[in-house]
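Quick one: this structure, given as structure tokens, is what I'll be asking you about.
Chain lettering (A, B, C, D, E, F, G and H) follows the sequence in which the chains are written, and residue indices restart at 1 in each chain.
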């Protein structure tokens, strides 16, 4: 099961594909959806492979990617 | 007897003393004569020591020095 | 997934009101993120002023919360920054951000003048090997053979010269205490560049001298490549411009 | 003495109509002689144009017979020279002569721009570590502690920077094929400098690239020394600026 | 000489065509919007016409490089836009000092500083009133169409050589960036031009540092200013150019230059349709200013309206020419349709103003 | 506030004293004759008064460094002479775009290009008509003595802050290099100045990129030009300054500025001794030009003679102001006693001209 | 449809969408047929993504001003342009809208609004860059100005052979959409 | 000698001869006594050796112009300056000439010409740089303007203590020469 959640802010995305190329696990792919500006944004295709490394976040020029991890439930 | 003749063009000379300092044989000295512009120009004081090296000529900033040598009489 | 927290997100200093105005695939946004992270790490943003040059990065201060700035005339950022720094004094950091046209063409006199005067400034030099803003003309940094509006048959070194290596050139100026060239086209290089920015900021903070950080960047339209090929484009630039730290010295005396 | 001939006299190219306008003890006259000798040796004067900067050497073309020239605006000689060279083509030599204020202060952009554009020019850089013409103000080349009208307490490197080493800096530009620093305060150095000028002229003649010859010079009033101490003054400059050949390469490709 | 041809062409490209048609052998320049098409045009086309293109590291170097090139007696040009034109002032002044013939084009962009990259006519005073420090004046030509860009660049080269003077061509960005049908053709000005005996290194026989001695250092007031005076007298006498449209019966005269003259023309057509008799006076030479022609054109009108895409610059010259004899009002940049960089001065506010004027 | 004292002082040094008296905290500049005494003065004296002196690598850097300094809300100055003033145009234009208050001094030297290092008044048009590209205008003040250098520099700082505008002080080299008795004293202009809320990094509480947003990029015509218009209207209304001497009964009015006004005054004294009734009108603010005051001063004279050490520059403003109502003639640089750099415009040719004028 | 004496068009979008190219093609085609043609880019965005607008006028009579504050014809490639242009179409004129992107439209009877989902159509083709050529095809067909041949000639001149083939295909797609949806 | 209401002086020579220094000393001294003083360097040579000229005026009344095209008093330190100044001395005025260097003098009755061999006198002192101070001493004595004390005060302010002693010695030498040669 996927540990990390990768969220693309499709309004910000310009469909450059940098996140797709820079993901070491090839988790992302450009989808066939486009936003208001006409850009095709990416989607997660291999959620289970994602290591949460953050390459997609850091290298996205448009501040459009966020990687989430599960909250460690303390005290349980 | 002096072999080389060192001639100072006193009109050009600005009395800087560079020729005096740069002569390796200390042949020149600033004289007590001054020109129309008020500059004290140098004079030869040790003609016999002059090696004709040309340092005084080359280093004079005011194109004021010439070193002559005797004409070799060819065919005599 | 149940409850979650951000593992990798936008830096807290990023002004989320801004929608980056850069072209798809441009690395300027990435570099701004990297810079914002370095400012965050060093905690200096409240004491910093950013002076930008004219180029696609000219409104960079708007992207970072709490960063004041001046947009200098084309090429003059180091002079403007000097004025700001001389006024604000040792406790403030003044940083310039300039493109390669801005810094290595029209602004060569200003960067050399300020560095040689031993100004306690830092410069972030965005080298995308062309004049992005004006339509991709050749810059002094452009590669041999590069096709641009002003080199339609490819840059001919015989008449347009070779790419200038600013990070190396700066090492010859005694007032320069730090010189580095990085890129942001891989995660690792991103981190190295961030570290270099942190180092430069800290040098600036202690008024050690002039710090210079060159960052190679992609300009897809200028280089006639697709946005997705922007990472490979920077690899090509690295072929001409080696990455690394070229100078890191103490304050000279 | 009987019949005699000149053993060492003024170069044939020296325009004897001119009375040097330099101050007593200034080395500019000596440098002009040295340059005239190099032009004579290489036989290129009829094919040469001299572009001077603004400074005490600005009317240098008048001292050399048959040398055409243009007096450029302050700092802009390399740009003007480029225009002349691009018009006249490969068969003509275009040489700039610029002071240290002219070249390393206001003209830094132009010299770096032209050299980086791989112009086939030659520059004679007269470094007397001050702005002679305007009354001896500090130049980017001035020595730490040097007292001038703009550094009345001596040049403080913390606010005015360290002396810039142009001959070394130029080696970092790929288009530069020759870089040398000489002096004319001894007979031997005079001869070395002349040789360097000859080398640079020949490089220029074959359009190999940019040639740069820096010559240290005395400016007695600017340095508050007597004319006769001008030779020693240059020794002091050599302490900061080492003499020698810094680059001598073939035409880069 | 260039082969005659007709084409759809921008004002910016027309400058290239005009230069090549005039035998220009050199372009140097530094990119700046809204004239980037000009260096691109030269980069592509000048070599084919036997000329040399150089992209320079700054506008300061551009103007000085141009100086060096034209000092050898050949024709050369540089082009820029407002901030770059500011940077060229010292060099421009120097070319006047040396009396070097050359052509400089300023495709104006908006406002001071880095300003806007869009059109404006905010450089009138700057280009017309003084060629940098020292108070010389360049001949300043203001085209209002691509065809006129092409023609006036050729005229600029001609006048430059005729008077040994620097000529400035001053389009606004509307003129530079709009494309229209245009005929490329070398214009024969039917005047013999003086030989460039002052040029350096053009002949085998050496002339010494001619340029320098003739006109430069040491600066000789007595030999310099009288020459300049004679020259400017001749220029003011012979080289005035302007266009008049529908002035015969006009009650209102619009004085306008460059693209706003054409915008005014559209307003005039509509105003005439409403029965208002309006005419147009368009100076083509901004310096020399067509003072007497304007006086004549205005002699029977009841009101003069100056229209410029700026804050009122030619206005003072119009006031100066008309010596308080006619009521003069101004319509300018604050009447653009939009505040931002995309705003333009359209015919509409002009028509409204024409309706308001009481005659 | 500075201790009041009286001394023999050159106009150049007086600029330093005036600046320090006005609380100026920054000087940056690049050497150029005939104003090298100014940087030397600041290098020596500014640190003692708590200010910072920087010798810059060029005039372009100087003006931009000044921009950076004053952007922090403090008072700063740069000084230069004509060629350097040319190089500052883009920066000057930018300071208008950003509406930054600062003082720039141009101690004029002669002619275009590198020209002569001696005096002239050849920068009138250049300084007055346009502050670089974009068509803004600086307030331009022309002193005619060291005392006035000192006073007008203070006024320049005051007006700069009052209107958030760049002020230019425009001495000629005679004014800059001659020494006279002068009193150093901080002038109280008795007006409260607006707070510099726009300045960067002056308070703990951060304001974001204020300067940038307020007035710079993206360039906003609608918010910019109306502000400038309001400002210039106020300036033209409130800040006109001029001097009149012996105009009451004058048949001939000499209009002159800077040092030539004083030369004219000597000529006037001699002419009056010969029975000629001559008066002097001297604009002190060249922009705003004292148009109405000149009209008034000239209302009863029969002839106006414009005297300038140039080719006729203020002349057009005088013609513009007088609207063809008075005969106007000009006496200028070609009446110097000597052609070379040592030539000056002396009272003699002015007296001769006054005798020639038919009234 | 009868030939017009004077035709006006404003094309608006963002930099990178090729609005300038549409205007260029129309103007170039018109230059083969009309004595007077003007083409003017009101604003040329520097970076991709900024606003870009261009106007075209062609006429048998001299064109006084090359700029247009309102027009008989307009094309809006995205929302920013639509919001501007919806106020600048002359009564009785027409406004073509890229309805893939512009989804919120203001109803009006003043002029005709024609919705063409060119981004979707381009994606169908697998050529997202060709949205502008699709719009050009629709526009030519709907307005009936000039001739297809003239426009093709202009397009061919502007692009290489390969790209022209694709552009032509896109043009045809736009034409077909207009025809099939009763817009002609 | 009675005090003048207005005193005029032009000093000419070449850069490096210290002509400006003479003018400075006179003007500074005058500033202690007169309400109005002007001092103006007509030309400041850049390099040593170029022409240098300075004027001084002091007066009880306002001085309209600080420049002088002719003067009651003049000093010529070398030939170039002499050739200019010989035409600029007012009738009845005086011209002091450095007769060590200026050997060709034009005879005139218009004004008094006074020959002082200041370069020779300086050499006698072994201080070639002090020729200007010798001239100053002679000038003060011959013209009788101001007072010796005022001039000394000005000289002292301008130079350091050491140099003032030498300068004073030179001044005295000039004064003595003027007295001994009946010039006063």
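We take it that a contact is a pair of C-beta atoms (placed from the backbone, for glycine too) under 8 Å apart; a residue touches a chain by one contact, two chains touch by 3 or more.
All figures in this text were calculated on a predicted structure; none of them were measured in a lab.
Novice: On the document's contact criterion, could you list the chains that touch chain D and likewise touch chain E?
Specialist: C, F
Novice: Taking each chain's centre as the mean of its CA atoms, how far is chain D from chain G in angstrom?
Specialist: 62
Novice: Could you please state the distance in Å, as a whole number, between where the Cα atoms of chain A are centred and where those of chain E are centred?
Specialist: So the centre of chain A lies 55 Å away from the centre of chain E.
Novice: Counting only Cα atoms for the centres, state how far chain D is from chain F in Å.
Specialist: Result: the chain centres lie 38 Å from each other.
Novice: Going by the contact rule already set, what residues in chain H reach two or more other chains?
Specialist: 46, 49
Novice: In chain C, what residues contact two or more other chains?
Specialist: 22-24, 26, 71, 73, 105-106, 108-109, 112-113, 116-117, 133-135, 140, 159-160 - these are the residues of chain C that touch more than one other chain.
Novice: Quick check on chain A: which residues sit in contact with 2+ other chains?
Specialist: In chain A, 14 touch at least two other chains.
Novice: Which two-chain combinations touch?
Specialist: Applying the touch criterion to every chain pair yields A-C, A-G, B-D, B-H, C-D, C-E, C-F, C-G, D-E, D-F, D-H, E-F, E-G, F-H.
Novice: For a test of understanding, state which residues of chain C touch chain G in their complex under the given definition.
Specialist: Against chain G, the touching part of chain C is residues 21-24, 26, 56, 132-135, 221.
Novice: Could you list, by residue number, the parts of chain C that touch chain A in their complex?
Specialist: Interface residues on the chain C side: 1-10, 14, 16, 19-20, 22-30, 33-34, 184-187, 190-191, 220, 227-228, 230-231.
Novice: Chain G touches which residues of chain E in the complex?
Specialist: Against chain G, the touching part of chain E is residues 7-8, 33-34, 117-118, 174, 177-181, 259, 262-263, 265-266, 269, 337, 341-342, 344, 346-348.
Novice: So in the complex, which bits of chain H are touching chain D?
Specialist: Checking each residue of chain H against chain D gives 16, 46-50.
Novice: Please output the residues of chain C touching chain E within their complex, sorted ascending.
Specialist: It is residues 54, 71, 73-75, 101, 105-106, 108, 131, 133-135, 137-138, 140, 149-152, 159-160 of chain C that touch chain E.
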